[in-house]
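As written, the chain order gives the labels A, B, C, D, E and F, with residue 1 at the start of each chain.
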Amino acid sequence: MSVVRATRRAHFCAAHRLHREEWSDERNREVFGDCSNPNWHGHNYVLDVTVEGPVDPETGFVMDLKHLKHAMAARVVDDVDHRNLNLEVPWMDGVIPSTENFAVAIWGRLADAMPKGVKLCRVFVQETPNNSVEYTGPENAEAS
Amino acid sequence: MSVVRATRRAHFCAAHRLHREEWSDERNREVFGDCSNPNWHGHNYVLDVTVEGPVDPETGFVMDLKHLKHAMAARVVDDVDHRNLNLEVPWMDGVIPSTENFAVAIWGRLADAMPKGVKLCRVFVQETPNNSVEYTGPENAEAS
Amino acid sequence: MSVVRATRRAHFCAAHRLHREEWSDERNREVFGDCSNPNWHGHNYVLDVTVEGPVDPETGFVMDLKHLKHAMAARVVDDVDHRNLNLEVPWMDGVIPSTENFAVAIWGRLADAMPKGVKLCRVFVQETPNNSVEYTGPENAEAS
Amino acid sequence: MSVVRATRRAHFCAAHRLHREEWSDERNREVFGDCSNPNWHGHNYVLDVTVEGPVDPETGFVMDLKHLKHAMAARVVDDVDHRNLNLEVPWMDGVIPSTENFAVAIWGRLADAMPKGVKLCRVFVQETPNNSVEYTGPENAEAS
Amino acid sequence: MSVVRATRRAHFCAAHRLHREEWSDERNREVFGDCSNPNWHGHNYVLDVTVEGPVDPETGFVMDLKHLKHAMAARVVDDVDHRNLNLEVPWMDGVIPSTENFAVAIWGRLADAMPKGVKLCRVFVQETPNNSVEYTGPENAEAS
Amino acid sequence: MSVVRATRRAHFCAAHRLHREEWSDERNREVFGDCSNPNWHGHNYVLDVTVEGPVDPETGFVMDLKHLKHAMAARVVDDVDHRNLNLEVPWMDGVIPSTENFAVAIWGRLADAMPKGVKLCRVFVQETPNNSVEYTGPENAEAS
């Protein structure tokens, strides 16, 4: 039985800001540059979620990508689309909304939404056409 | 002598919000939907600026696109990149930062930056992969 | 008051076949090549619909693109997505589903869905990354 | 000697349908939705084939990508372009033409076309801009 | 009878250099910058050719895009792909291979290749993702 | 602490030629085809550089991508943009400028530019939209 990876893409847009409250404005600007602008900025994010599993011999699917699409909408996109990642997303509370932290938090939202036998294996977030991040789960920390 | 159009593309990201202060929150949400979120949202904008003119027989250029790039940076991109279009862009003051108004305002920033013999002929602004706007100047109003 | 063009993009996929029933199989294959395959083939179509009008001073919109999106869904996309353009789309009846005829038919579906003061001005259909068609309405026939 | 992966991309379009003959129409529609449409639908597929091997010190190539292009054309693209994946592709006989099964079948077509020292390491099939599948070969089944 | 525009896209890569022999190296570098590098540089060009005409009621085509593809290959792409635009393309002789001059020259290669009733109406050449040029023919010179 | 991969993209254009001096013209043409054209050809290259490391709890970054951008500019892009890869890039001396060799050489330029705790993990070079190469470092040679 073949093990295959399937990917579903979603798009959304959001505002955010990179800054640490306990740092001075100068330090924030030094580390985060324009990304620390107190008046916010934003992006059109691209989110690719990849799942891995054996191909079901009856359906030919790893999993129905419509179900993955709905999980991504219900657990991620509906919470962040046209939202402020610093102020309005409970599952981003207490972390700087860098693309890295965002990808890890999205993994946390989706990992337990997988059907039996299917593993979440990759969350890819593109913040701009030139900047993107990929998280393949906590097991990778060991390997490094 | 051939008349040709040349286009330079730029990218930037910004936050904005669509709302009218004199309207109630309900009316703002009814008209502008999620785009009226008081906590802002944002986009990766794509800006295409097109100029038209005869091809210079010495250089083979309508105009040097490096000069167009610099004009776009100095008069538009540096003012809006990583900025809030409602709060931080003097030349957007008093207009709702819809893509339509944004394109018209960008035209106003660039029209008098053209070298002799070259006409600004198109400002194209893509707000999301699915939504974009094109402005070809005030002469078009007559024609419609 | 500025006149601006706004574009909304949609995606769908469909099956089709180019052939004329009154022609022999040989003639169909000679004219239409692989596109006449009796077992069908299909495409991921990209549809761009452009409208033109004055910018509303209250909203900053030519028209609310959500309304255009809904008109495109209700009058076009819902009828053709995951459908067979030869067999299942009443408003394509009797015409060969070439990209040209498809674009003209889509224009016919949308022209009277425009709000007051807004004109449909362009239907763009991409059949493959290398083949696309643009229709700007019946007034163009005169001009040619 | 460096081990490198090289990828060649191809495009084709095809019709298909997801359904099981032994299932009722209701069950097919319940599981496969619009994809089970008996009148077919279709896609512009994107196929990326990746090979891995040491860089030949004389040519600087893992393998000549022209040869990979020809193998992909002769063994895959010529069989499926402008075809019906359910009816006209012998090497898809008996399997539902899901993207997963399609990617695994393409692997089977190409694995023994590799020159000495080069391994096929990835077949990526994009069915729509939002849905794609990746197969990295039967060895992966063990690892999972 | 509807008048429609159809576009065919092609890709090729070439080397070129912007310089005038009668100018000093300093002047060339001042005007053309890095583009005047005597050791050449190059691009992956994208070429879009657009034709306009009434839709043939029998075929549904403005013209068979396979024929346009072949004309583009025979008259343009085969002459420039993997070539040096300054040294190896007879129909670019004596002009600086700017994108503007290139687009005008491509127009000259294709204008008389149109079938009866079909007009060449646009040559678009993208030199880089950020720089492109559009030529719509000699009639435009009058209008400007 | 999560281990994440972050990718920065850059664009540049260059000329090159694939040939071995010790081979006859016939042999060069036989092996390298049009790529051996003595008058050069060129490409718009896309370069993706991926780094891996734990997410810094203070900044939310694997590393500041601005620093990666600057390292890519200073050590790679400034040396190759608008240059001839055969004649003008010291760190490509003595190797055929295939995409494979180019990716390996870029790795060599960047591997020791990583901040403490961050690993270079992938250099991806796209030569044309259809041809690309990926190098994940010398450790991979063992694994194969």
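For the reader, a short list of remarks on this structure follows.
Criterion: contacts are C-beta pairs under 8 Å (C-beta built on N, C-alpha and C of every residue); 3 or more make two chains touch, one makes a residue touch a chain.
Since the model is a prediction, treat every value here as computed from it, not as a measurement.
Counting hops only between chains that touch, subunit B reaches subunit E in a minimum of 1.
Homomeric contact subunit A/subunit B is classed as same-residue, with over half of its interface positions used by both copies. Taking the mean of the C-alpha atoms as each chain's centre, subunit A and subunit C sit 35 Å apart. Mean C-alpha position of subunit C lies 27 Å from that of subunit E. Note on chain placement: the centre of subunit B and the centre of subunit D lie 42 Å apart, centres being C-alpha means.
Counting partner chains per residue, subunit E shows two or more touched chains at residues 129.
Contact between chains, as defined at the top, is found for A-B, A-D, A-F, B-C, B-E, C-D, C-E, D-F, E-F.
Listed in rising order, the residues of subunit D touching subunit F in the complex are 1-10, 50, 52-55, 58-62, 64-66, 69, 119. Across the complex, subunit D meets subunit C through its residues 11, 13-16, 34-35, 37, 39-44, 81-84, 87-88, 128-129. Those residues of subunit B whose C-beta lies close enough to touch subunit C in the complex are 18, 20, 31-33, 95-101, 103-104, 129-136, 138, 140-141, 143-144.
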